[in-house]
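The two complexes that follow have chain A in common; it is paired with chain B in the first and with chain C in the second.
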Partner chain A sequence: MTSENLLDVRDLTIAFRTPRGYVEAVRGVDFVIRRGEVMSLVGESGSGKSVTMRALMGLLPETTRISGSARFLGQELIQKSGRGVHGLRGARMSMIFQDPMTALNPVMAIGAQVAEAIRIHNRSISRQEVRDRAVKLLRDVAIPFPEQRFDQYPHQFSGGMRQRVVIAMAIANRPDLIIADEPTTALDVTVQAQILELLRNLCAEYHVGLALITHDLGVVAGMAQSISVMYAGAIVERGSVEEVFYNPSHPYTRGLLGALPHLTGRIERLVDIGGNPPTIFALPEGCAFSPRCAFVQPRCRVERPLLRQVRSAYAACHFAETLPAYPVQEMQA
Partner chain B sequence: MNIYRYIFRRLAGLPPLLLGVLTIAFLLSQVSQVDPLNSILPERMLSNPAAVAAAKARWGLDKSPLTQYFVYLQNVATGDLGVSFRTKRPVARDLMQRLPATLELVVAALLFGSVLGVATGVVAARFRDSVFDHAVRLFALFGSSIPVFWSGLVFLSIFSVQLGWTPGPGRLGSRTAAGPPITGLHTIDSLIQGNWPMFFEALSHLILPAIVLGWSVMGIISRLVRGSMLDVLSQDYIAMAKAKGAGGLRVLLRHALPNALIPAITVIGYSFAYLLTGAVLTETIFSWPGIGSYAVESARALDYPAIMGVTMLGGAAFLLTNLVTDIAYAIVDPKIKLQ
Partner chain C sequence: MTAMGTPQNNNWAKALMSHLRRDFWSALPAYIGGLVVLFWIVVALTAPLWAPYSPLDMVGARLQPPSADHYFGTDGLGRDVLSRTLYGAAQSLPIAVVVVVVGATVGAVLGAAAGFLGGWTNTIVMRLVDVTLSFPPMLLAMAVAVALGPGLKTAAVAMIIVWWPLYARLMQSQVISVKQMDHVEAAVSSGVRRFRILWRYILPLSWTPILINATMDFGQVVLLAAALSFIGLGAAPPTPEWGQMISEGAVNFYTWWIAAAPGLAILSVVLALNFIGDRVRDVLDPRSTT
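What follows is the complex of A and B.
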């Protein structure tokens, strides 16, 4: 595996226009995805994980204010006009959406939608060849009878099968990076496992970098090499999955892991993080997590902690080194 | 399901529905306190018992209402809609003569209204809250709120009288004789015959009333398409299309528009059926010899057979338009199956 940086995001800040002025939904995010690596972005709803990735795909409204840098294959994605991203989008980088029930155009046949993904980036190939390649893609994502299914419409497919179609479109042009926004959240548990395995195999086969947005830590453990934990629009902890899972340095990460049921060990009441995440309209002074933090100190309420190296990972906590030792626990796989 | 079988089955369902329409129309005519003899006989003859008896016998008014009803139904079943009190000609022939004029006007108006309505709706949604969006909103509001008799007169005075761009009212100039009717639509007939001067004359007469009438439906269509476009543009599959690398125009026309058009189909269909008998004001202002003006003239003259005929035509128009919109739905939306 090469260690070439596929995607290098630095100080990404995203502000939405609201009736109350511009509001920052993402505040200075940095991360790197290497070729062939699965990086997971974890956080609660509203923590800014989807917004971050949608910004990279150029899917945010035109009125959104985006600053910072995101270099992908040596090209800057964050530009004044979104033109440059156009050729990359769908070809070198693609996206899998959360809800397969709404991600497919209901009045277009499945095959036409897959074929379109190929066609847009390769105008010179013949209609028949596009069809053949689209059928092969449907077969690659294990859709039975792809020739017959080609002319059917989304409503004739189950949720799991639709997500396979979405994946087929995402891999249509052999991209270098796939962004998967909660790809299994809307699916049945049994189907979830199948879709994850399909994704894992495809990524390994094509050596694709995968940005996996999820709030399911079990999925992270089974899929990803690195993890970035987001809270209130900022990354609060980042590192290899092993380091972060065994030795979380940020109280928020500890809270997330503590809220997981253990397969081994005694069955006891799950520990939750008290309180609710702040809204982006009224972030607390200092550390955004301070109102909910069990280890909060006076300094936390005035000074915002920046992401800094803590052991072999990174954490945004003033007291990462002095927190009580974290009990070693079993990893879920 | 086979589409022809579906159409056949729907058509087979028409007669019972029309029977209902006719029955209600007949009942209303019976409830009305106006004696049709008033319109059949000149006023001075009404006091002449012999003339009254003769007229009653001639028009079947001496029979009981129930007998009249069944006789009428029997005649309708054979295509005989009776004879007009006013024109003294078969109602069916009157309608057939008037229908092409109305069809030509309504189709042209709907074409204008839908094309402009859909186009402005799409652009207004794409550039939401822009100057264009607000301008379209205003234009649409004027179209649907200014009464046709006023906009018709204003347009005539501007474009025909002052600017002289369009001819005056009527389907053709007073010195032009229409050729033998093929479809009865002057524009189509002249095209079939290759008669270009005639085509342009018919078109120039058609354009103003079509715009006036079309403007009134354009507003609703534009607002409706804008709303459904905004809804569709926020859907995941639009983001998906962008993520695939589809360009702005492709996203708008290939992905968003077909989904946004589904609700517009109903409105366009109903506008058609409604205008077929409801274009009275436009037809009157522009001296357009169509069904609408025929309906008004018949109502004024208490011409019951003609009124019944127009009612039935209107009913049939609604039912047929319903069928056509249902088929259009099935073509546009794969989730809808004809059954």
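What follows is the complex of A and C.
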């Protein structure tokens, strides 16, 4: 049961229609999420993390060109019509959005919104039963006085409480997979910790797979078992969190980790990655990271590296094995 | 409000009362406007009880200035101007209500469909809107009224044709902007049906500008109806309609009283409706801070 592949994404490519023709925002992404596993997708803004997950939820505009395969519970999510996903969406897989201040309908009582999430996929149960279940969900996400809070509106809730409501809606139908798109970015740090704790407990309790989109490596270290690092629409490194954090094989991952402050040792100037990420309108030839890479070789500028096994992880770098040894440091979880 | 726990009592009546008390002075013109409109509605419904004479009978000498017998004088046929003005409310006001309600409904439905469905529906509806709006409103209303034959009903149809595109355009832009909000996307992701998304997640956040515009437009429609009647495309002559009465009075400048009473009636109604419209906008539209 633990090793069952819940979601199997292969060669997912997403192109948006623009006035300058189709532009690929995601270029051949593969990853797997197992039941009960927290898989984290990290990368800077615009690297394609959100677009990848939105494609799986069927939230991209109809003009988007999506190719490749994404099998969820044995069903293909990437279909021409996009209709097949409807029954799964919200029921077997659900999504938690970044900003709880705007993700709730401001003119519906929160209880009604949770109830709606239940009723959409289960039309036969009675009104009272829906209410009972909605109240129980609110209690599960640790909202105090759920019976009284049921009839209140989103503006009467704080940000953290709203995110709990959003989570309650996401787990309403006991999904197998939850996609969380930067669930704590809009919250302050103490609330962030509570929400992550809640998510982690719920995932463990219900044994669901969690795809955690984030750019916060601290969150990854605390929550995830596996990690995929995205850069310019492609996965550049993938593996278990321990392997990737302690022994990063891709120069970009090293750059990300090097930019983190350490709690131990002397406080030094943080190391940044020089330059800016490329725009998807003008990707460099060869490796997309080559213009910023400290270890760049002539080959990197002509040949695009593919994701391949490097030690126990995967990396998309021609010279992953020959990079200088990564300074082993205590990573802060 | 307390941040956590302690359940709040959503007492609507209480909130409304405190709201009314707090903003009494800034809302005063709207209250006066409301009284004026209420007055005219009562008059329209019960004109026979108040009017001293029948609006159609020749009850005195022609072209008499205001006197104790005829407070607003008599017109060119010896009819009592005050009686005709009071009866006129029953002609002029319903037409404005019909035009605004039908126009706003048609416009809002088409605009919402265009904004929500997009694609061809959007293109067809919005081009239709563009074409209609490219005519001067008075000219288009005249052309339609002439084509359909004069009369109050055709004047109403003409005005609806002139008016709906404004609401359609407003609704379309509003629906498009609400459609892109996060909570709509969240609803899509949890599998809420399309129609329900429109009904529960988009429309409740899109209709207030329509209401604001509709109240502001009431006065305009009363004016346009009067204008159509003035040039002979609205009410047919014996009917006591304000615009038509003004046109009769305009023939002779020295018998000013014939046009004065219906003119004041129109002025009071339009002014009152504009006061109400301003207030509705202040309350419903947080962006206007006047």
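The rule is simple: the second predicted complex is superposed on the first by the 332 of 333 C-alpha atoms of A that agree within 3 Å, B and C clash if a C-alpha of one lies under 4 Å from a C-alpha of the other, contacts with A are read in each partner's own complex, and residues count from 1 in each chain.
The working rule: a residue touches a chain if its C-beta (ideal position, glycine included) is under 8 Å from a C-beta of that chain, and two chains touch if they have at least 3 such contacts.
Source: prediction; values computed, not measured.
Fit or clash for chain B plus chain C once both are placed on chain A?
After superposition on chain A, which the two structures share, chain B runs into chain C.
Tell me the contact category for A:R149 with respect to chain B and chain C: first, second, both or neither.
The answer is second: A:R149 touches chain C but not chain B.
Would you sort A:D99 into first (chain B), second (chain C), both or neither based on which partner it touches?
Touch partners of A:D99: chain B and chain C.
Taking the superposition as given, does A:S158 touch the first partner, chain B, the second, chain C, both, or neither?
A:S158: touches chain C, not chain B.
Which partner does A:A117 reach: the first (chain B), the second (chain C), both, or neither?
Both partners.
Just chain B (first), just chain C (second), both, or neither: which does A:G90 touch?
So A:G90 meets both chain B and chain C here.
With the two complexes superposed on chain A, say which partner A:P248 touches: chain B (first), chain C (second), both, or neither.
A:P248 contacts neither chain B nor chain C.
In the superposed model, where does chain B crash into chain C, at 60-68, 132-140 or 186-194?
132-140
From the superposed pair, tell me which chain A residues show up as contacts to chain B and also as contacts to chain C.
57-59, 86-87, 89-91, 94-95, 97, 99, 102-108, 116-117, 120-121, 166, 169
Note which residues of chain B are touching chain A in the complex, please.
Residues of chain B touching chain A: 235-237, 239-247, 250, 255, 258-259, 332-335.
Going by the contact rule at the top, pick out the chain A residues touching chain C in the complex.
57-59, 86-87, 89-91, 94-95, 97, 99, 102-108, 116-117, 120-121, 144-145, 148-149, 151-152, 156, 158, 161, 166, 169-170
State the interface residues of chain A toward chain B in the complex, per the touch definition above.
Its residues touching chain B are 54, 57-59, 86-87, 89-91, 94-95, 97-99, 102-109, 116-117, 120-121, 153, 155, 166, 169.
In the complex formed with chain A, which residues of chain C make contact?
Chain C reaches chain A through residues 1, 3-8, 10, 181-183, 185-193, 200-201, 204-205.
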